[in-house]
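Quick heads-up: structures coming right below.
Two complexes are shown next, each including chain A; its partner changes from chain B in the first to chain C in the second.
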Partner chain A sequence: MSFVRNLPQNFFDGLSIGSVYALFALGYTLIFSILRIVNFAHGAIFTIGAYFTYVLTGGTLGGGNFPFSNTRVPFSLNFWIALVLGALLAGLVNVAIERFAFRPLRNRNADTLLSLVSSLGVSLMLSNLIQNLVGSDPLPAPEPIPGSKPSFDVASVIIQTSRLLTFAVAVIVMAGLWYLLNRTRTGKALKAVSEDATTSSLLGISTNRLILFTFMLCGVLGAVAGTMVSTNFNITGPYMGSEYALIGLAVIVIGGLGDIPGAVLGGFLLGILQTVVSSISFRIGFWDWDFSGSSWKDAVPFITLAIVLLVRPQGLLGRAQIQKV
Partner chain B sequence: MKTARLRVGALAAVFVLVPIVASVPASALTPKAGARCAPKEVGKTVGKLTCVKDGSRRKWVAAAPAATAAPTTAAGSASATTPASGGAPIKLGVALGLSGASTANLAQDQRLGVAVAEKYINDNGGINGRKLQVVVQDTGADEAGAIAAFNALIDNDKVVGIVGPTLSQQAFAADPIAERKKVPVLAPSNTAAGIPQIGDYIARVSAGVATYAGNAVKFAASIDPLSKAAVFFADDDAFSRSETVVFQNAVKASGLELLPPQTFKVNDTDFTTQVNFVRQNRPDLVVISGLAQAGNLVKQLRDTGYSGSIVGGNGLNVVQTFSVCKQQCEGLIVAQAYSPEIPNDGVNVEFSKLFQADNKRIPGQIAAQAFTGVLVFAEALRTLEKDGKLNGSLEQIRIDLNKALLAGKYSTPLGDISFTPEGEINQKSFYVAQISMKRGATGDVFSGVFKYVKF
Partner chain C sequence: MRVPRSLLSGLLLLSLLVGFSVVPGLSPAVKVYMLTAGALCGLSAYLPLMAGQLSLASPAFYLIGGYATGMVSVLWVKEDFETGYWKVPLGFAKITFTSELYPWQMVVVELILGAIVAAAFGFVVGTIALRLQGIYLALVTIGAVEILRILVLQDQIGPFKGPLDPGDPERIRHLGPFGGATGLPGQLRTEGMPQPVDFEWQYLLIAIPLVILCAYFVFRLERGRTGRALAAIREDELAASAMGIRPKYYKVLAFVLSAVFASFAGTIYAHAQNAWSYRQATFALATAMLAGAVVGGTRTFLGPIVGGMVITGLFEALRSLAGVDGLPGGLRDVLLNISPFVQGLIMTVVCVFLSKGLISARLVDRLFPRDTTLFRPASDAAPEGGR
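Right, the complex of A and B next:
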């Protein structure tokens, strides 16, 4: 009974975390749709974005004996301005990653597997760089609305302010992305490149410039996701993106590799499933066995992935690949 | 093609030259009196000048005579007060989860504690004149990483003993390797039941949770009339599983109703399910066994209106907890095996002073235990050296070191300690603390303190 009673609460919490999964996975899927590669460094960008915003709001970096321990910038920006600037800075880092880790391989027509390994290396390097510059201390994320009530009650559903804001920001960013992709020339060009890069290039579209733009955009998406997660659960350290990197992969496969609406659907689906499954607990007296759903939370994305791959291998909204022979 | 080669060349040059340039301190060649020196040069003498730290500045000054230049600390039972100089350094291994998502912040504090210990020991005569050299290996947060680090320390680095690993979960996997190879191991933070029982060469300076975790529940019951307790623990962590058993027994012993124990994962940050459980069952005491990230459970409970008592396990007994639950940490009760407020014959005062000078914060239990691990090894090595047993084969030194280590008595930041023949620590003093938060103007990280409470 408690499962049914908790359903509205779980649904709301699932929507909030699902919106972050969707935002994060969009970064993966946009790059995949254009380059056919998975950018594993996206988890590190998620982390870097959260750190940038924290620093720009005037937060003091962690203690210890590191080059930037206990330091802070001499100014303190409003959270929302810091979020935008932090996301842009993270976007620039992602552009640098494209320039130094992906483009040299692309210019040599290297196998996509090499790009995958390269992005894994960059991811590790960035996490270690953060660790060696500022240490591993968790950092208290800034409050989006200083002095706001941490939660309020709506028909017995506790709405945490930070989760509501996370959901709202994710929806606004996703709406903006939809507009960009469907209503602007750049968006149309991006779609064209994702369909056929060679033909697009012959038609006068600057592929390299568009790829750089995509990396910038994905950096911004990852950073916004990272910052909003940190407003809920703080910055847990240089490896905070690693868990989301794995879940994000499951999301894009479930939604359909390279499919943008699919990534959004997959994100929300996994967020809600995870919270609902976590809330289930029961006892089977005959076997003297307690089932605790929270122990299975981490397995939910991958069990869902396995089921989707069995039933619909191309993903929920993906198109089946037809190969001409 | 030519451009590509040039780029590769330039990139290689950057990778080769930057570390070389960075590793050469600006003042290394010809230091001048009064010029600034690098942090790692503190204590170093070049020609007639010594690098000293004066407040927050470091500078080269004319070298003082050895007797006055050396620190005048009570280095445990250190006999010498001059820095170590002669002979080949003695290598001590340290295996820490520096790059593990769940262990990085714990391991970072352990590494800082180890660094302070290394400097403290070498500044106080080292191992009767020989330098102690700490070799650190990163284990990550998993068992495979711990096994690899132990193998590397034992077989490649040829260390005499090992301080580590960070997690009990890792100790159960890696300690048997040291046991088979007869290499003494001192666990700095493994508090799960059964650690010293892994073998003859495994001991710990981290008291088992059974010894003191229950004190926190007793204290909570003494300040508030309690009737019902909810217990949460990370079920993928051996230490948390072990600690929760102690907590559950303490709850029952205090006559409270124990709700069905609830689980989470050690890396979890979203505790919606656990918060809903508390909202439905309305306990007046919540007991949590997890690592620092479990501070999020404290925060989310308080954010959603829970106002009862909260007891945190040893994993929350770290300064990093303050940044996680922020002002919502206020009132959190933790049992401690170390308190920075207790003098302990001056060693703790000295450790605390050195740690704060290097790291600008008060040391916590994790750093103190790591410091103690290295200090105990150094004391045992001094005994071996005095008995002339440091010149044999490495295998024999390791065997003798284990015997000396278990037989010794040590004055440490944890108080006076010794070991049972099995390798369990004999520690006299345990504490209960309550977190008191003071919110800084910018939401500062270090605005909390563990206030020692007597009860």
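Right, the complex of A and C next:
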């Protein structure tokens, strides 16, 4: 059975990609827990983060007739410094999104539907802006540790260095987030606002500043996820984030909207499920059908989503919403 | 910052219409045709919104409509190569249309078949999504589109393999039940989808009555019992159900109707498009449909129609502007690629500054006055300041 033999390998690959899903989905879920809205522009932040890091490491942008074609910054930073700087820059972009696309709507207490549509609009604008500034050529992966071995074997499991690093970075960032949320005053304030924004603002928490901080934080999470994905699969173009944007949404609903451990669980679950399903292939002789899981791989998050919603509408770890009259 | 609403919306509309009509590249008939498809897409996004539900599933139904066209016109109806006539094998009989053009009656059949399949799919998605609201619902509908897209991409689903690949000399490879990745007609017909018309403008003979019918239908729906029920659910579902309105029934109804309109758009677009594949249903299309509805205004049927036309017209205008001779290469590239940016900008600006959209409900009430005789008080002494 090749399926069983490949299971450890798939498990490792799934953990790696799942850690990215989790990291990325945390960016959605944090904003949702505070504002009860979904920031559809998060996928664009993912892409922007990957581009920022690529540019800061001194990479040359793609060809074509675009304003920044074939240009590069005159310096080249170490990957890790570029990752941090790029993530902070992406966080600033996210703060700008909050300022221009969300705050005006929040201030006049508009329908949440409008904020969804407005963030969808921002997402389109940002991805398209990248396309019109640097073109849509795929760009090579930045190398996290120059001169490292691309992969090594551990008991028949091929461990690709980039995947291992992705997993490690994601786990470190998530641990930092856990610390921030549970052991600092800011984290306590965040939790208070997510429980009840009005009461916490009455108690002296500056809600607007906290919201800006959350957007900054979510931008950093999305950008780190984007950069780590680009070290595995290259930068595939200005729309590389759109696939992750949809999967990330599935992740947060599967885990329970606004639930932080739920998003992590959902991310790992989907990552592992996806790699395992894509390795399945069997033959149904009666129908003369060679079933191959890899062609159904992209449907896995949404089929899982439908099943979870049917069985447990509040998500795996979510609390059931009580409708108040 | 308050911008006069009517001024802003009037300017936007006017500039778009003028821009769209003066750009070269497309014949007027094709322009109008695209606008009609845009209007149907807008209506499709609007119907769930009437009940306060954000659905992004319309591209799935649009895809179904287009595939209904492809499967009927390419896989079912056959052209007799000697006479050029079209034959419809029915199993027990064979209908022959003695015309060399693809029979328009079959276009009607496509519309109906597509609508039935889309309505069934809409019923399933709507029923699954019933317990969900807001963002959950939007996510499930995105998922439905993705699952359907992947389904039609398959080479084989269970026992279904689809037609033989004519490009394969050994005649063993199949295209997949829906034509696989190349879609329909793929390699089956080198000349593309069969055309029901001689001239492009004749498409309008199908498209314009269809749009007017649909618009009238939604207009009547909105003014009637169903429309009021949907509005009540949108404003407060709990209160509506306390008043004896069944939210489940109306929500699924809105979903099914939305599916039907989207499938109409797919059917009429597929013939003009000449080919149909899974690429037609994208998340970008879902956002464009939603943008149409939101830009036009989601309080009355005319809004999504106008908004859908505006968004479609805008895309085509930008694309054909890029075809103007003598443009510098950089500008042409930008024009070719900029339409998502413009769409996004419009979506955000409309949400932030003009949240009621271009067309207000009051305008429609003025254009099509309500029949108020039913509500007039019995005595002549109308209350002061009454409507």
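Going forward, the second predicted complex is superposed on the first by the 323 of 325 C-alpha atoms of A that agree within 3 Å, B and C clash if a C-alpha of one lies under 4 Å from a C-alpha of the other, contacts with A are read in each partner's own complex, and residues count from 1 in each chain.
Just so it is clear, a contact is a pair of C-beta atoms (placed from the backbone, for glycine too) under 8 Å apart; a residue touches a chain by one contact, two chains touch by 3 or more.
All of these numbers come straight from a predicted model, not from anything done at the bench.
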| item | value |
| --- | --- |
| Fit or clash between chain C and chain B when superposed on chain A | clash |
| First (chain B), second (chain C), both or neither touched by A:Ser242 | both |
| Which superposed partner A:Thr227 touches (first chain B, second chain C, both, neither) | neither |
| Partner chain in contact with A:Asn128 - chain B first, chain C second, else both or neither | both |
| Partner chain(s) touched by A:Leu113 [first = chain B, second = chain C, both, neither] | second |
| Partner chain in contact with A:Ser279 - chain B first, chain C second, else both or neither | first |
| Contacts of A:Gln160 with chain B and chain C, given as first, second, both or neither | first |
| Which superposed partner A:Ser294 touches (first chain B, second chain C, both, neither) | first |
| Touching partner for A:Gly64 - first (chain B), second (chain C), both, neither | both |
| Stretch of chain B, among 22-30, 130-138 or 292-300, that runs into chain C once the two complexes are superposed | 130-138 |
| Common ground on chain A, meaning residues reached by chain C in one complex and by chain B in the other | 64-65, 104, 127-128, 131, 242, 290, 295, 298 |
| Complex contacts: residues of chain C adjacent to chain A | 49, 52, 54, 128, 131-132, 134-136, 138-140, 142-144, 146-147, 150-151, 153-156, 158-159, 161, 238, 283-284, 287, 290-291, 294, 329-330, 333-334, 337-338, 340-341, 343-349, 351-352, 355 |
| Chain A residues within the chain C interface of the complex | 32, 37-38, 64-67, 100-101, 104-105, 110-118, 120-129, 131-132, 242, 246, 249-250, 253, 257, 284, 287-290, 295-296, 298-299, 301-303, 305-306, 309-310, 313, 323, 325 |
| Contacting residues of chain A [partner chain B, same complex] | 2, 5-6, 9-10, 13, 17, 57-60, 62-65, 69-70, 72, 76, 104, 107, 127-128, 131, 135-140, 142-143, 150-151, 158, 160, 232-234, 236-240, 242-243, 275, 278-279, 281, 290, 292-295, 297-298 |
| Contact set on chain B toward chain A in their complex | 4, 7, 39, 98-101, 104-105, 107-109, 112, 115, 235, 260, 262-265, 267-270, 272-276, 279-280, 292-293, 295-296, 300, 302-305, 319-320, 322-324, 326, 358-361, 442-446 |
